[in-house]
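Next come two complexes built around chain A: one with chain B, the other with chain C.
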Partner chain A sequence: MIAAARTILRKDLLIELRTKESVPAMTLFTVTVYVLFHFGLDRDSLDGELASGVLWVTLLLAAVIGVSRLFAAEREQGGIDGLLLAPVDRTSLFLAKATALFLFLVAVELVAVPAFALLLLGPGLGGAFPELLAVLLLGTLGIAAVGALVAALAAETRARELVVPLLLLPLLMPVLIACAQATEPLLRQDAGPEDLGRWLGLLSLYDVVFVLLSVAVFDFLLED
Partner chain B sequence: MGAGPRVVDLGERQELVAHVEERHPVHAASQLAIEDPAVELHGLVHVAHLERHVVDADHPGHTRSIGFRVVAAIELERLERRYGERVALGGVSVRVDEGQTLAVLGGNGAGKTTLLRVLAGLLRPHGGTARVLGATLPDERWRLPAQVGYVGHEPLLYRELSGRENLRYHARLHGVAEARVDAVLGEVEMTGRADEPVRDLSKGLVQRLAIARAVLHDPPVLLLDEPRANLDPAAAELVEPLIGRRSGRTRVLVSHDVQGALDESDVSLGLKAGRPVPVDADLYR
Partner chain C sequence: MYSKGLAPLAAATVVTITAAFAMVFFYAPNDADQGFIQKIFYVHVPMAIVALGGFVAGGVFAIRHLRSGDPSWDLRSYVAIHMSIILGVGVLITGAIWAKASWGHWWVWDEPVLVSFLVVFLLYCVYYPLRFSIEDPGRQARYSSVFAITAGAFVPLNFAAVRMAESFTHPRVLSQTGGSMPGDMRLTFLVALLGMTLLFVTLWKLELTAKHASMQLKRMRNRARVAA
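And then the complex of A and B:
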């Protein structure tokens, strides 16, 4: 299963490297939204809840783009049939797609977080960066697990551009709440890891539950 | 043959080989000649593809013969498949033995592609029974992938990857050695253009790659939906050893070339609005 997942993942990364269809679009969207907030709010320094909300809502909306494109090659070029005709566990497809989405989001965050800091965090991240990194990793993992599940659900539907945000965003509400709450004290002027452990625990629990749930139901999503 | 051939139920290939070596030493266990007309099978049968039943024709009149009652490679009984309320396939029954070719004929929307997709395990049957190499669908669908090669309307190749990358990808998924990729590319004469992205290739070259993909894992059953579409005569001849009668594989062949398909088939199935009909002049009316 792991070998098959690695094979599918390698193929997905190669296709993304050549088509540049997902990561650049997600990155451009994220940076554009931060620029819009910068000028729309007419402020170059946000903090606390507002900063945290802007950071995570934008990342979540960027994830919608990635999720919508996650099965594009399979859908348009018969990749799902190719996989179903191979003697591989379908769970390997979930693992590969979730990992690909995780890596895409990490690549986006590598640009988006500095851009966010530059455009909307006057004092910068300061010493809170390691904690923010932990929140980002756990939040991104949750988005990737749910995103791969929703992408598979929507892959064969005609109105997938509508289905993806309608399914994805409500399912990611707990991630948004936990990430925003965990990040808020880190982005305050008097930054400090207040209640961080509680929110990181909640995020970890969410990630574990959704990874297990996705593994359990993914097989059925590919049934005709 | 007196009381008739004795049926020996052999579950495993090992048992079959042992049986042949013990009782029929004149035959190589890897490939057996069927000479006994009583079993109505002719030609060569590969032991590796046989399942369960062996008819022991060890009789004074047939001492050099071994007869096999082969479990049908494909067996459909009143197969049914619907799309919502619409019946795409209904009452389809057919039996195809090992090494035989079934020609599926019919007009557009007759259910030919649906039948292939059911046999490939890509669609669930909604009624009747379908067995492919002894695997009952859909419950034992997991047994199929290693056994079936599929050439459909779509080449099942990623446009941004090269032919070689696509075949390597499928080889890894099927657990096939990468050396086989080069061998198959050579057989379809694509070695020279194997490193070009699929999107840059003509339809004919893509079809050659699709055929290479389908036979990469050397499946005993081929499901072919217009496999020679887009191929020029030379290319059609080129792929003949891979997907033609000479391949020795059990084949289900969908084609609009009625005479051509009938010429290379042992069994034929006419379909009209998903129902079996005789293959005659009315088939396309």
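And then the complex of A and C:
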């Protein structure tokens, strides 16, 4: 199972490295959204609640792009049939897709978070960097698990580009709540963690529930 | 097949709902703080509980569908979610009216139950575009079931997250009304809850019967066309 997942993951990463479709587009999109927020809020620098809200809403919107492109290669070039005919567990497909999405999102965040600090953030990221890293990690894990599930759910529908954001964003509401609340004290002028344990606990619970749930129901998607 | 016991169920619903409304207006006392408007509680809260119960039931039926592959469980799941969404509209409207009357605003963000309900409602609304953009019936049933299960698991997590985000700004309302309600108010509430549950089940069975009948009709028409 793990070997199959690793093979599919390697294929996805190779495709992404060669075509450079998703990650650059998502990264570009995050910077565009920062500019949108700069004009929309008419603020040159943000801190606290506003900063963590802008950061997480931007990352969530970028994730929508990644999720709707997650099965693009299979769909457009018919690879899905080969993948489904191969005698591999659907679980390994889920693991591969979720890991690919996770790595794409990490790659995006490697640019998007420093870009946010550079363009919009008032206080600077140094204050509580390890805590922010923990929130980003758990949040991205949740986005990746739910994202892979939503991508598979929407892959066979006609109204794919409609269903993905409509389905993904409400499902990620708890992630947004936990991440934004946990990040907010880290981005204040006097940065420091506050209630961090509670929010990381909620995020971990969310991640565990949705990883297990996705593994359980993935078998029923992408059949035939 | 689905219509069994529908007539007595409908009769019980009419009797219970009538009794509930009679009790709301003539038996239950006016609330000391909020006065007459608090009586919307007997519609709003049972409706919300029944709607959430319907969403959960939709998830349970969906699990049975995926386990057995029997399309009738998918139909049950679909109709349960459909009915819950209709009740959900009622919940949001009565909630807004209650909020306007007691807090002066049509919508308040610091009421975690109502806010979580809105998120859940928004998510379940996507059931329709998802379901009806899949043509193959078997796949439609499977994908809808996966959605119903995922959304069912999402409901408690979302309630926990929203409650955690708001818990320090606002005291809980339901705990006062649910925990230490005076006896006559609680009795009225329970009758109203029973009435709403019966109404939900009646409408669910009715809709199932109607959907089943129209499916049979379509099948017979097709057969007649083939025969001709």
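As a convention for this text, the second predicted complex is superposed on the first by the 220 of 224 C-alpha atoms of A that agree within 3 Å, B and C clash if a C-alpha of one lies under 4 Å from a C-alpha of the other, contacts with A are read in each partner's own complex, and residues count from 1 in each chain.
Note that in this section contacts are C-beta pairs under 8 Å (C-beta built on N, C-alpha and C of every residue); 3 or more make two chains touch, one makes a residue touch a chain.
Since we're looking at a predicted model, the values are computed, not measured.
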Mind checking chain B and chain C on superposed chain A, clash or fit? fit
Angle at chain A, chain B to chain C, CA centres, as a multiple of 10°? 90
Which partner chains sit in contact with A:L84 here, chain B, chain C, both or neither? Use first/second/both/neither. first
Using the superposition on chain A described above, determine whether A:V209 touches chain B (first), chain C (second), both, or neither. second
Just to be sure I read the superposition right, which of the two partners does A:G40 touch: chain B = first, chain C = second, or both, or neither? neither
By the touch definition at the top of the document, which applies to A:P174: first (chain B), second (chain C), both, or neither? second
Does the superposition put A:V217 against chain B (first), chain C (second), both, or neither? second
Considering only touches as defined above, state whether A:L166 meets chain B (first), chain C (second), both or neither. second
Applying the document's definition of touching, compare chain B and chain C: which contacts more of chain A? C
Superposition-derived minimum Cα distance between chain C and chain B (Å): 5
Touching chain B in one complex and chain C in the other: list those residues of chain A. 223-224
Which of the residues in chain C come into contact with chain A in the complex? 66, 119-120, 122-123, 125-126, 129-130, 133-136, 139, 142-143, 145-147, 149-151, 153-154, 157-158, 160-162, 164-165
Within the complex, chain B is touched by chain A residues 3-4, 7-8, 11, 14-15, 18-19, 73, 77-79, 81-88, 223-224
Applying the document's contact rule, which stretches of chain B touch chain A when the two form their complex? 120-124, 142, 145-146, 148, 150, 152, 154-161, 165, 169-170, 172-175, 197, 213
Parts of chain A lying in touch with chain C, wherever the complex brings them together: 149, 153-154, 156-160, 162-163, 166-167, 170-171, 173-174, 177-178, 181, 198-199, 202, 205-206, 209-210, 213, 217, 220-221, 223-224
